[in-house]
Each structure stands twice: as C-alpha cells, then as structure tokens.
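Think of it as A, B, C and D in the order they're written, each chain with its own count starting at 1.
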C-alpha cells in the first residue's frame, strides 16, 4: 500500500524503535560487559547480512532465444552467488576489530559494493525480461525526447553494449531525476553506475549472461535481449522514479 | 512547486512536445535531405552538452579548516572542468559516424560517465558543506537504525574514507529505496556508485579535495569535513528520497 | 639467434636508421609543407597498427577438458578481436588533431592498453597450454621457495582464480627481477598487471575462457587448466626472464 | 656483480636450499604436529612482508620546481605507507584460514597488487628524478624511432598525462622486449601496467605528486617533471631491459 511522502511506514517505525531501543539499552551499559557493549554493531542491519534470494520472475523455459539452461545458471550461480557473498561480507564487516587497518575495511567495502550492486542489477535485469516489444508508453516518449528517435536511442544503446562484448559490464538506461530524462550509460563492472539515477532498463553484458547460448556472439545476445524486454515493467519503474522531485 | 506522482510538469510537456515534433518533421523528410535527416540526433538533449556550472552554495571564506584557496580551486578547476568536459564529450558522441567501431563509442561513454558523475557528486558535496554539527533529524535516526549507533556509523564511515586516502574516490551515504535505509559505500573513482541509491551525504576523497590544505593528512581533512556538514541539507535530501516507493 | 646484452640487432639498426632518417628529412623541412611535416607521426611505429595475429600454438582438438569449439572461439574472437582493435586504436591515435582535448587521448590510450595487454596475455595463455603436468624444473623450485610448497602455491593460485569467477580477470605468475622470485597476482581485467614483472604462467579468468564448456563452473575450468599446462614453456620463460639483472 | 644468464647467484642457492630444506623437513612431518606442518606457509617469502623502505635517491631540497615539502611528504607518506601496507597485507594473506571464502583472498590480493605496484612505481619515479635534460642516448634514439621525433613523443606523453590530471594514475614509458621499442602507456591507478614491459620512465599523476606545490595545475607539474628527469638512469634501465631476449 502506498503512503504519502514524508510518512513512515508502520514497519519502519516498529523496526527503528525496537532497534534503537536495543542499542540504547546496551549503550547505557544495562547489564552489559564490555563485550556486550560491542554486540549492537554486529547485530545492526548494516552487518546482518540477511539479504534474500528472489526467484526468477518469469518461466525460464519461455524466453525467446535465451535458453532455460542459461537463465537458470545465471540466476542460481551468478545472482544467487552475489547475494550469499553479500551476506558473508556484511557479517565480516561487522566483526572487524576496531583497530583493523583501513585497507581491510576498504577492501571489504569494495567487495560489498560489488556484491550489493550485482544483486540489485540482476534483480532489475531479470525483472525487465519476460516480455516482448515494442517499446511504448512514457519510456518511448522519454527516449525519443532524449535521443531524437527510438532508432537513435537503440543505436546508441547497442553500440555501448557491443563495446562491452567479450568482457564484463552493463548498459543502463537510467531515469535522472534532475533533468527528468532517460539516458544510456556504460558500466565496466557491477560497481559502475550513473550517480543518483534510477536504472529502469538494464542489460547484463557479463559473458555469463550469454556465452552458454551465444559464445562470443554478443550481437546475437543483444538481439535476443530486445526480443524479451518487458516494457510494461520498464514503464512502471519510470512512473515510480518520476514520483521524486527534481533536486 | 511540487506536483503529484505520475503528473507531468508543464515544462516537461512543452519540451517533449516541441522536441518530438521537430524530430517527427525531420523523420518524415519534410524539406529534408539525407544530411538534414541526421540532424536531430546531434541536437537531441543526449548530445547537446549544455550542462551549466553551478556556483558554490556557500561563502568559501567561511568554512572551518578548509581554505578559500582550496575550495575555489576545487570548484573552479575540478568541478567546472568536469562540466565543460561533459559538454564536449556529449557533443562528440553526437557527431560519431554511424559506422564508428564500438570501442570508440564505449571509450567516450566511459568518459561521459566519469564526467557526469563527477559533476553530480561535486554538486552534492558542495551542497552538503557550509554547516556545522551535530547530526540530527531523520538522518540521525536512520543512521542509528542501520549501524546501531551514530558512533558506529561514524567509525565505519571514517575507516572507509581513510582507506581511500592517498588516491581517488568517495564515501557515499546513500538512501536505498527498497530497504528505506542509509548505508555507507566505498567508491574508487567518480564512476563507482551504489545502484539505484540516492547519495545524501558525500565525502570527496580525491586528493584535490584536501592536499592543498592538508597534504597527505587525510585524517585532518576528514575531521574538517565533519565540522562543516550541513545536516539540514542532508535531511532535506532524505525527505526527498523517501518520497519514492520501495520497488 | 641470441646476441649479447648491449648489442643491437642488425634489424634494429636498419629500422632505426631508416626511420630516423625519414623523420629528420621531414623535420628539416626538405620539400615539405606544414602538412607533410606532420606525416611522420602517422607513419611512426607507435601509430602504425600493424600487429599480427598469431595462430594457436597447439592443436585445439587435443586438449584435455577444453573443447575445440571453446578454444577456437577464444582465439578467433577474443584474441584476434583484440589484435584488430589494437591496430585500429593505434592508427586513430596517430590521426588525432594536435589540439584534441586530453580526455580524447586518454580514452584512446586506455583502449590501447586494454587491447595491447589482451593481445600479449592471450599469447602467453595459449603459449602455456598444450602440455601436461607435473610442475617441475626451475619453476617448481622457485614456487616452492616462495610459497613453502607447491601445494601452498597451488592453493593460493586457485583461491585467487576462484575469486575472479563469474567476472573478468587473470591470475598471473610473474617473475620479479629484483627479488628473483615467482609470485601469484590477481588482475581484474587485461589492464591490471604486476609492475615490471614477467608473466610466465597466466590463467585467463574471463568467462569467455570457459563458459562455453563449463558454464558457471569456474572450478571445473581451473582443473582443466592445470591438466594442460605446458611446464616446459613456463620454464623457458623463467630462464629468459632470469637473464635480466636485478635493478 | 653480474652473473651470466642461466646462472644462480650464491645467495639464491643458499636461500632456496635453506627454505626448501625447512619446508621438506616439515612436510615429512619430522617432529611436527598438524599445526607445525602449516607453519611454513606463514614463513614463506610470499607472506613474510619484509619489504624495506628505500630512502630518496636525491637531495629533495635540490629539485627544480618541486619543493622539499612535497617530495618528503610524497616519500614518507605515500611511498612509505604503501611499503608498510604491503607488509601487513602479505602477512595477513599468510594467515588466512584454508577455508576462507575466495572473495577474501581476492580482495587481499587486490590490495597486495595495489601496494606492491605503488612501491615499485614510486621507486622508479624517485629514481628517474634528480637530473636535468636533455633526453639523449639510446632512449632518445628509441623514442624517435617509435614516435617519429622526440617532439611527437613528448606531445603524446604530455597529452596522456594531462588526461590523468585531477585524478590518479601514471604515465609509463615501457621497454617492450618483443618489439624492442619504447612506448607511452596510460595507467588509471597503481594496478594498471603494460604487460611484460619494463617501465623505464614513469610519471606519477596522483594528485599527491603535485597538489602541495601546484594545486590543480597539472601542466605546471608536468613541466617541472621534465626539468628534473635523470636521463642517465632512464638509459641505464633501457640497457638493462635490452639484455632480455625477445620472446
């Protein structure tokens, strides 16, 4: 259920209160030894590592030009692996000694960014598959406005994708809240992102997204991707993103 | 003025209509040669390169522990340089021949991401300076909820910052719309970002942000940063970000 | 044929003389307009882009656990593609206007590094395949010396490789001339390398090196890699590298 | 004292024998428990972390346009910090449990590459300072051969350097043993390197190399760099590198 801007959800209020309460109790040392006083941080959401694996939102046997074997491997190994790794990493961050050298925090924070973005990007990727053309609605209007025509947009998008062939990366169509526009972005790995944008259409160009079916034929994969885009979901994401004000 | 989710602003409607109209006219070839038919793309917003340099939102002579010389150099050289470069890059992208090799598009799209994120991150950075402690409001509540205590949050933030000392990068506190939480992220350069998050507090750890005043003393700079945070702006950004629904 | 340190090969002398001669003639303006005076740079070796594709040094039908289809695709698409791209990039660098913005040089120099290293790494990779265990000779002695035992070395190597699974990168055993030792290095993409070291054993962890045969099963691929290492070639490379003096 | 290619130094033989002997004894379980049997790895050179900080090879008060304050800070903080960090990282790698997740090895191996390359690059950098022009000798001949003229080489080098201004990175002139040529390379951070090349002239473009003296004026710093190059050392490195055979 929707709630207005500025309101807290009931769940937010309960969780925040419970957690802050627990922390406060420990911070004042109620019944706590020095070791107990450190406990909150390990139990803090930042370090809990309780992210859950979402199932594929479509029947992997039914996509055009992308095999069930490929899609299930992509989901079960690459996506699910990132979620499990993210949980391990965040728990490890929560158990770092206070005097550990900065490079240790830094190296784990890098792994965290890598795994967290991989998780979220894969969820968007699977979420924008399972449909069929054509591009329409607000998305079509905004892409046309930004690139002059849908053809010009698609050429820019495909060229960026091809440039990532044979390596790792993503092509990201992001809604930028300040300019209220959609734009194509190049990303070298999971960690590259347009700042503050909301990715509404993402194309995974890691080779695990296509090599099982297409080998080195990135172009064949990009064609298959376009044949399966769920434009209604892309439109839903843009509608959602547009609820933010420009800053 | 605010407008409800799903509505278009008057400006959006006018601009989109005008632009799509222009494109349509050319696409149907009205009065156009082949060369004219290609014109829209170069004039499309994606390739216009008309981003503007914003002035510093505070008096650079008045910050604590960060000199006017440093702040003005940071703004006039690093930030303004990124905006100018972004404009050049986008115009160059718009003039690429249709048959240019993918690596050329890719390499320019990388430069675009680098310059665009540098622009936006710097605007957020300067925007969250000019104040003074303490951390309070929704931001304090959310950080406490995520990390157990403000002290635990600050320790994590400072360790991440220290790990970036002597190089390039950012520490980014981002509002994540799905979990409705704030989290610290490590970023190696302008291109690294938490996916889909909204950076509400950013710390520039590029050496140009401090070397003029602090040399290699990253810690001294991080202390100065904390002394100048404009928490009211950080709270404003969180309020803004929270208007989005979880997806 | 070998020639002693410090000597020039006949070919080196001839080529250098011819080229410098040509340059000098133009530099003194003999018969040259301003445009002619710029010609040398485009014809300079740095910008010629005449790198050649080497054939696979083994029969791709005969490796254990790595299919001919995979190996031929890896060679013909990924390796050969890098060589062709390198040639294009260097020629483009040679035709940049003198007043082009630095980001343009920088972005092409990045593509050059990516393609050049990809070329060389792939040549080393294919070159260290086609054999069978066990690790022996100077290589075994040096690895044992560096890691305590061959088992300890292999564990470190395999862990590093596994960490790159599902993405891009290389594991590089490099001869370091100062310490006269062999060491395992992690590389995120073609551009990461140990400084000044001589890669004597390299493992391609880009997914194109295994996904066609192993899908996401990086471990299965690493096992296959070990079953095919041509240790005599690795030993030959170490012998070659050891001819340098420590600096 | 020099020794011929293929020969072992006395020190190499002694160290290798002693170390392998120790390992062998433990491996056969002489007097050893299971825990003792694991001891060698932590004591293996790979994990010893005993790298030493070298002093500046010149009097930092005597360089042209680079202040003593800058050079001493660069050496004592950035370079020495990398050496210390490298030692910590390698020791930590040596104490990782055998069942630690691959990402943990990977993240530390990344830190190791970063610190090890930073150490070596800085040693080359300080080592190629302390002199004065002009470029001459074999280096001049090879640069002229590769780029057509020294002016063309310098333009390429300076453009690459400018492209790295305001961030991190290196410009690396590397001797490539296969082509027996010198070439300019772009490097985004310490981890980027030309494969298998021998860096004979390196320019540190991290902002800590100049911001104290030049602020954001990268060009001023590049000019100062050229005024201080120790070309005799660059020539010495090329002579050393040329002792290797082409492979």
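Methods note: contacts are C-beta pairs under 8 Å (C-beta built on N, C-alpha and C of every residue); 3 or more make two chains touch, one makes a residue touch a chain.
Remember, it's a predicted structure, so these values are computed and weren't measured experimentally.
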| item | value |
| --- | --- |
| Most distant chain from chain B, judged by the mean position of its C-alpha atoms | C |
| Between chain B and chain C, centroid-to-centroid distance (C-alpha), Å | 37 |
| Centre-of-Cα separation between chain D and chain B, whole angstrom | 34 |
| Separation of chain C from chain D, taking each centre as the mean of its C-alpha atoms, in whole Å | 18 |
| Chain D, residues touching no fewer than two other chains | 103, 106-107, 110, 188 |
| Touch-based graph of the chains, sorted into line, ring, star, complete or other | complete |
| Chain B contact footprint on chain C (complex, rising order) | 85, 88-89, 92, 101, 103-104, 106-108, 110-111, 115 |
| Footprint of chain D on chain B - complex, ascending | 69, 73-74, 77-78, 81, 166-168, 188-189, 206-208, 211-212, 215-216 |
| Sites on chain A touched by chain B in the complex | 2, 5-6, 9, 12, 15-16, 19-20, 23, 27, 40-41, 43-46, 93, 98, 100, 102-103, 105-107, 109-110, 112-113, 116-117, 120-121, 124, 141-142, 144-149, 152, 155-156, 159-160, 162-165, 178-181, 183-188, 190-199, 237, 239-245, 247 |
